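Below are structures written as C-alpha cells.
Heads up, the next two complexes both have chain A, just with different partners, chain B and then chain C.
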Partner chain A sequence: MLYREAGDFKTSYEDDSQTFPIRFDRLAFYAALVVAFGIVPFVINDYWANAVALPFLIYAIAAIGLNILVGFCGQVSLGTGGFMAVGAYATYKLMTAFPEVNIFFHVLIAGGITAFVGVLFGLPSLRIKGFYLAVATLAAQFFLVWLFNRVPWFYNYSASGQISAPERTVVGVPVTGPHTEAWATYLFCLVFLAGSALIARNLTRGATGRKWMAIRDMDIAAEIIGVNPLRAKLSAFAVSSFFIGIAGALFFSVYLGAVEVGEAFGINKSFLVLFMVIIGGLGRIFGSLAGAAFLVLLPVLLKNTLVGTLGWPTDLAAHLEIMIVGALIIVFLVAEPHGLAQLWRLTKEKLRLWPFPH
Partner chain B sequence: MPDQLLYAMEVLLNGLMAGVLYALVALGFVLIYKASGIFNYAQGVMALFAAMTLVGIMEGQVPFAHLINAAFGTDLHVFGWQLSGLIGILLTAVVMVVMAWAVNHLIFRHLVNQEPIILFMATIGLAYFMEGLGDLMWGADIKKLDVGLPQGINGWIDTTTFDAFGYGFFIDNLDIWATVIAAILVIALMIFSQYSKQGRALRAVADDHQAALSVGISLNFIWVLVWSIAGFVALVAGIMWGTKSGVQFSLSLIALKALPVLMLGGFTSIPGAIVGGLIIGVGEKLFEFAIGPMVGGATENWFAYVLALVFLVFRPQGLFGERLIERV
Partner chain C sequence: MSLAEQYVMDTEMDRSEGHITEDGRKIGAVMMEMRNITLKFGGVVAIKDISFDIRQGEIRAIIGPNGAGKSSMLNVISGFYHPQEGEVWYNGSRRAPMRPYQVARQGIARTFQNIALFEGMTVLDNVMTGRLNFMKTNLFQQAFWRGKAEREEVHNREFVEKIIDFLEIQAIRKTPVSRLPYGLKKRVELARALAAEPHLLLLDEPMAGMNVEEKEDMSRFILNANDEFGTTIALIEHDMGVVMDLSDRVVVMDYGKKIGDGTPDEVRNNQAVIDAYLGVAHD
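Coming up: the complex of A and B.
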C-alpha cells in the first residue's frame, strides 16, 4: 500500500531523473538523514561511537570505494588495506607538515594522493584480468605496507615506528587527538560518508557508471561499442582509491589515533572490506552500507553474547567468531549470492504488490 | 672462488629448497583449479589444519577440549596415548577425505555455475571457518611437529663443499627430504592422472565438465576426489612447513606466497607450479641477499608479488598457462 510508483506523477525531467524515483524511498532517505544528523549526535556516547558508529561509517566509505572497483567495474582488488595505509600516511604527513590547514582538506587531499597511487597500481589491469589481477593487487598490499614500515620519512623518524594523530579542530571542536567527544568524531565521519555515498550513487547511474558496467560485463564488447577501456578502468581505480584513501585517513586520524601499519592495514583489512562488499551485494551502494553494518555489528554481538552472557574465555570466543563469520559468508553465498541488497530489493518487489498476491 | 660468490651460491641452493616448498602448496591450487575452476584460497589453511590435526592425533588431544570445558565445566585435555607418525598421517588423511566430502556436499555443489569471484569468496569463507575450527579443535598455541624426518645441517654437503671451496654450505636435511618427497609426489600425481581410470576421468572433467557428465562420469565423485588429493597435498605441505617452523597460524600465510608462484607458472599447469616455485624461491632469496640490505631488509614480504606483477604485464597468462582467446 505504501510502496509503489502509482500516483507519484512526474511532471518534469528533473523529477524523472532524480536519485530516488519512488516517493517512499525518497522519504525514507530523508528520514535516515534526519536521524543520522539530527538525533544520533545527541544520544551517542563513547562506547557506541567507538564500538559501532565510527567503524561502521569508516568501513562503509571503504566498502563503497571497493564496490565501485569490484562491483561496478569488475576489477577484483585485494589491495584495499595498502590503499587505506596510503590515505592514513598521507594525512599524517599533511597534518604534521601543514598544521594550519583544516583537517577536512587534509583528508580530501589524502584521498587524492591515494587515487594517484591507485591509478599507478591499476595500470597492470589493462593487461591482466580476473584472478591474475587480484593477485597482482596483492603486490600493492604488501609493497605499500613494507614501504611505510621501512622508510622512516613516512613516520617522521619516530622511535616507535608508529604514527599518531595530533589534535586538530574543525570550527573550534577537536575531531582528532585525545580530547575528542563522541558526537564530534561521529559527525565528522558521517559528513564524509554522506558525501561519498551521494557521489558514488550518482556516478554509478550516470555515463561513467554505465561505462564501468560495460567493462565489467565484457570488456572486449565494451571496447567495440566505443568505451575506452584505459579511461574506464583507470577512472574506476582512481575513484575507488579516492574513497578508500579517505576511509584510511579517517580510520587513522579520527578512529584509532595511533597506528602501526602492519597491524592496522594488513591483508586482513583487505579481506574484511571485500567481505562487506560481497555480503552487502556487488554493484549496489546500499549493499556496501548494509555489508559494513553487518560485519561491524556481528563481532560486537557475538562477543557480548559469548563473553558477556555465557562467560566464556575471550580467546575461545574469538575462535568461534572467526568460524561463524566464515560460515556466514558461505551460507550467504549459497543462499543469496547477490547479497543483502538483493534481499532488500526482493522485499521491495513484494511490498509493491502487497496486500494483493498478483 | 671469491667469498661473495660462494655465499650467493649457498643462498641460491637454499632458495631452490624454499621454492620446492612453495611449489608444493601451489600444486594443491592447480589441482583444484584445473578440475573445478575453483580458485581455492583455503589451500594454506588446509595445510595448517592438516598439520594441527596430525599433531593433535599423535599427541592424543581431545578435540574441542577447550570448548567442552568452557561449556560444561569439565576438565578434559588428552586421551593419554601417543601415536607414531605413520598412523597419525593415515588418520589425518582420513580426516582430510571427510573434509573433502563435506566441502563438496555442503558448499560447492550448491555453487555450480556461479561466477568465479563468488566461488573464490566462498573459499575465503571456508578458510576463515577452518582456521577457527582448527583453533577450536586443537588450541591455538604453537605446536611442535615431529614425524621422524631428519633435521639439521647436512654433514656430507658441508664437508664436501668445505673440501672443494674452503667454505661449507649450510643445507638443512629437512629441505633435501622435502625436495625428494615433492618430486615423488609430483611424479605420482602425473602417473595417476595419465594412466589410472580416475585420473583420466579427472582430466576429462578438467577439460569440459558437461561433456564429461554426458559420458557418464560422476562429477560429485570427481570433485570429492580432487578435494581429497588437494587435502593430501596440503597434508604433505603442512608436515614439511610444520616440521620446519612449528605448527602455527603463519603457516596459512604461505598460501598467499603460493599465489605469485601460480601467476608465474600459470594457473592451469602442474610443471608451471614447480618452475614458478623455484623461480620465486631463488629470486626472493637472492634479492634479499643482494639488494635487501640497501633498502632496509625484509624484502621477502613483497618481492614475489612485484616480480609476478612485472612478469604478468609482459605475459598475462603466465609461463605455461593456456593462452586465452577472447571472443565477443
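Coming up: the complex of A and C.
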C-alpha cells in the first residue's frame, strides 16, 4: 500500500529524471545508506568484514566498472583481472614511492592510471566487435599479468615476487597493513563504492550514458545522430577501467594485504566479475551490486550450511560449492536472462499494484 | 534537351534567391547540391553521374523503382558512402569527405528505411539522443551532475518535450522502444531526427509498411515540420500519391541514373519516368 506513485506528481524535469522517482524507493535508499554508514560499522567484526563485506564492496566497484563497458556500451571485455592488477600495482608503487601522501589519493590515482591503460587496450574496439573484441581484451589480461610477473621494478625487486601493502592511515586510523580494524577497512571501501555508484549513475543517466547506450544498441544510428564512435567507446573504456582500477587497488591494499599477481588477478577474476555483471543485470547499476552480493554471499552461505550445519568435510564442501554455484548460475540465467535487476523490477511492478492487481 | 543541358539550365535557375509557392511557403536558395555524383561498389555502378539540388525550405522527393540507387544517394549525403566521382556542395561550399557524425554536426539528420532506434532505451531517451550535439558539458561535469550538467539536461529536455508534443507521443515517453508497434517506432525515429533541429532532414521511406491512417498522420507531421520549423526535407518514398501531394520537386532515378527532375506535374508527364515505372522494352 505504501508503494505507490499515484499522487506523487512531478512538477519539474529535475524531479522527473531523478534516480528514485517513487517516494518509497527514495526512503528505502536513504534508510539503506544510514544502515550502511551509521550502524554496520559499529557491529561489524573481522569475520564479517573479511568474508562478506569487503569482497562484496570491492567486487561491486569492479562490477560497476565492467557493467559500464559491457552493459552500457556493449563492448565485451575479458581483461578485468588484468586491469585490477594495474590498479593494485599502481597503488603499490605509489604507496612505496610517496609514503607521505594519503592512501585515498593513491587509490584514486591508481584508478586514473588504469583508465589510461584501459584506453590503450580499448583501441582495438574501434575496429572489432563482439567475441573478437573479447579475445583482444583477453590479450590484455595475459599480457598485464605476465608484465607484472616478469618486470621486477613493479614489485620493487622483492625476493618473493609478491607485493605487500605497508601500513597507511586515513586521519590517523590504519586502513592497510596488519593492524587494521574491521570497521575502518569497511568504511574506507564503502566510501569508494558509494562514490563509484553515484558517479556511474550520474554518467549513465545523462548525455554520456546515452552515447554509450546508442553505440551499444545500434552503432550506425548512433553515428548518424552525431556520436563520435571513437570518443564514446574510449570514454567507456576509460571510465570502466577507472572503477576497475580502484577495485584492484582496494583488493590488494585493503583486503588481501599481500598479492601474487597470477593468483589474485588471473583470468578467473575476469570471469567472476563478468558473471556478476551478467547475473546482476546488464546495463543496471543496481544489477552490479546485486550480482556482486549474489556471487560473494552464495559461497559463504553454502559453506556455512554444508560445513557448519551438516558437518561435511571442508574439501568436499568446497568442491560441491563450486558445482552448486555453477548450476545456480545456469538455472538463473535460463529463468531470468536479464538478471537480478530485472527480477527486482518485476517485483516492484507487482508491488505497485498490490494488493489489488486488477 | 539532354540531361546535361537541362542541368546547366537548372543551375542557372538556381542562382535566384528563391520564390514563394502557391500555398505561401517560402522556398529559399540552394542549400545542398550534388554535382555529377558517381558511386561504385566494385564493378557495380550504384549511382551514375547524377546531379541535383535541394533548396532551402522545400520538400524534395527522390523516387524510382527498387534498386535505382535512392538509398545510396541518401547514404552519400549522410556520409556513409563516399562517391568515387563528383562533389557534394553544402551551404555554398564544397564538402570534404566526412564521417557520418561530422555530417550530423553540420545539421543534417535522417531516418532509416528499416527503423534504426535504440531498442534498449525509452522513447524519451531515444529522442534525447537527438540533442547530443547540443550537450557541451564534459565527463567530469556530468559525473557530478549538480550544476551545469543538470541544467543542460533540463534545458534540452524542454526542447525534447516540445517535439514529443508535436508528434503526439506524450503517452509513450517512458516506454521502452522495443515494446512499441511499428508505426509508433517510425514516429519516434522522426522525433529523434527533429530533436536535432536539423537544417536538412533526410527521410528514407517514412511511410513504408503503414496503413492509410498512419500515412496521413506521417504526412501531416512532415508538412508541419517543414512549415513550423522551416526544415528542408528530402525524402524517398514509394507511395506516389504521397509523393505527388507532399513534394515541391521530385528527382526520378532508375538504374542509378537520373531520368527526371521537376515539379510533380512535370515528372508525372515525363515519358522516361512513365517508361521506367510501367516498363518498356529496352533495345
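Heads up, the rule we're going with is that the second predicted complex is superposed on the first by the 355 of 358 C-alpha atoms of A that agree within 3 Å, B and C clash if a C-alpha of one lies under 4 Å from a C-alpha of the other, contacts with A are read in each partner's own complex, and residues count from 1 in each chain.
What we mean here is this: a contact is a pair of C-beta atoms (placed from the backbone, for glycine too) under 8 Å apart; a residue touches a chain by one contact, two chains touch by 3 or more.
What you are looking at is a predicted structure, and each value in this text was computed from that prediction instead of being measured.
*Asks:* Classify the contacts of A:V101 with the two partner chains as first (chain B alone), second (chain C alone), both, or neither.
*Replies:* Neither partner.
*Asks:* Tell me the contact category for A:A221 with respect to chain B and chain C: first, second, both or neither.
*Replies:* Touch status of A:A221: both partners.
*Asks:* Between chain B (first) and chain C (second), which, if any, makes contact with A:V300: first, second, both or neither?
*Replies:* neither
*Asks:* With the two structures laid over each other on chain A, which partner does A:L333 touch: chain B (first), chain C (second), both, or neither?
*Replies:* first
*Asks:* Mind working out whether A:L353 is in touch with chain B, chain C, both or neither, as first, second, both or neither?
*Replies:* Neither partner.
*Asks:* What is the contact status of A:G283 with respect to chain B (first) and chain C (second): first, second, both, or neither?
*Replies:* second
*Asks:* Just to be sure I read the superposition right, which of the two partners does A:L33 touch: chain B = first, chain C = second, or both, or neither?
*Replies:* neither
*Asks:* Quick one: is A:R127 in contact with chain B, with chain C, with both, or with neither? Answer first, second, both or neither.
*Replies:* It touches chain B, and chain C stays clear.
*Asks:* For chain A, what residues appear in both contact lists, the one with chain B and the one with chain C?
*Replies:* Residues common to the chain A contacts of chain C and of chain B are 218, 220-221, 224, listed in rising order.
*Asks:* State the interface residues of chain C toward chain A in the complex, per the touch definition above.
*Replies:* Residues in contact with chain A: 78, 80, 99-101, 103-105, 109-110, 112, 116-121, 125, 128-133, 135, 137, 139, 142-145, 149-150, 152-154, 157-158, 161, 192-193, 196.
*Asks:* Please give the residue numbers of chain A that touch chain C in the complex, ascending.
*Replies:* 12-14, 17, 199, 202-203, 206-208, 210-211, 213-214, 216-218, 220-229, 235, 239, 283
*Asks:* With touch defined as at the start, can you tell me which chain A residues reach chain B in the complex?
*Replies:* 70, 76, 124, 127-132, 134-136, 138-139, 141-143, 145-146, 149-151, 218, 220-221, 224, 267, 271, 274-275, 278, 282, 312-313, 315-316, 319-330, 333-334, 337
*Asks:* Can you tell me which positions in chain B touch chain A when the two form their complex?
*Replies:* On the chain B side, the touching residues are 39, 66-67, 70-71, 107, 110-111, 114-118, 120-122, 124-133, 135-136, 140, 256, 259-260, 262-263, 267, 295-299, 301-302, 305-306, 308-309, 312-313, 316-318, 324, 326-328.
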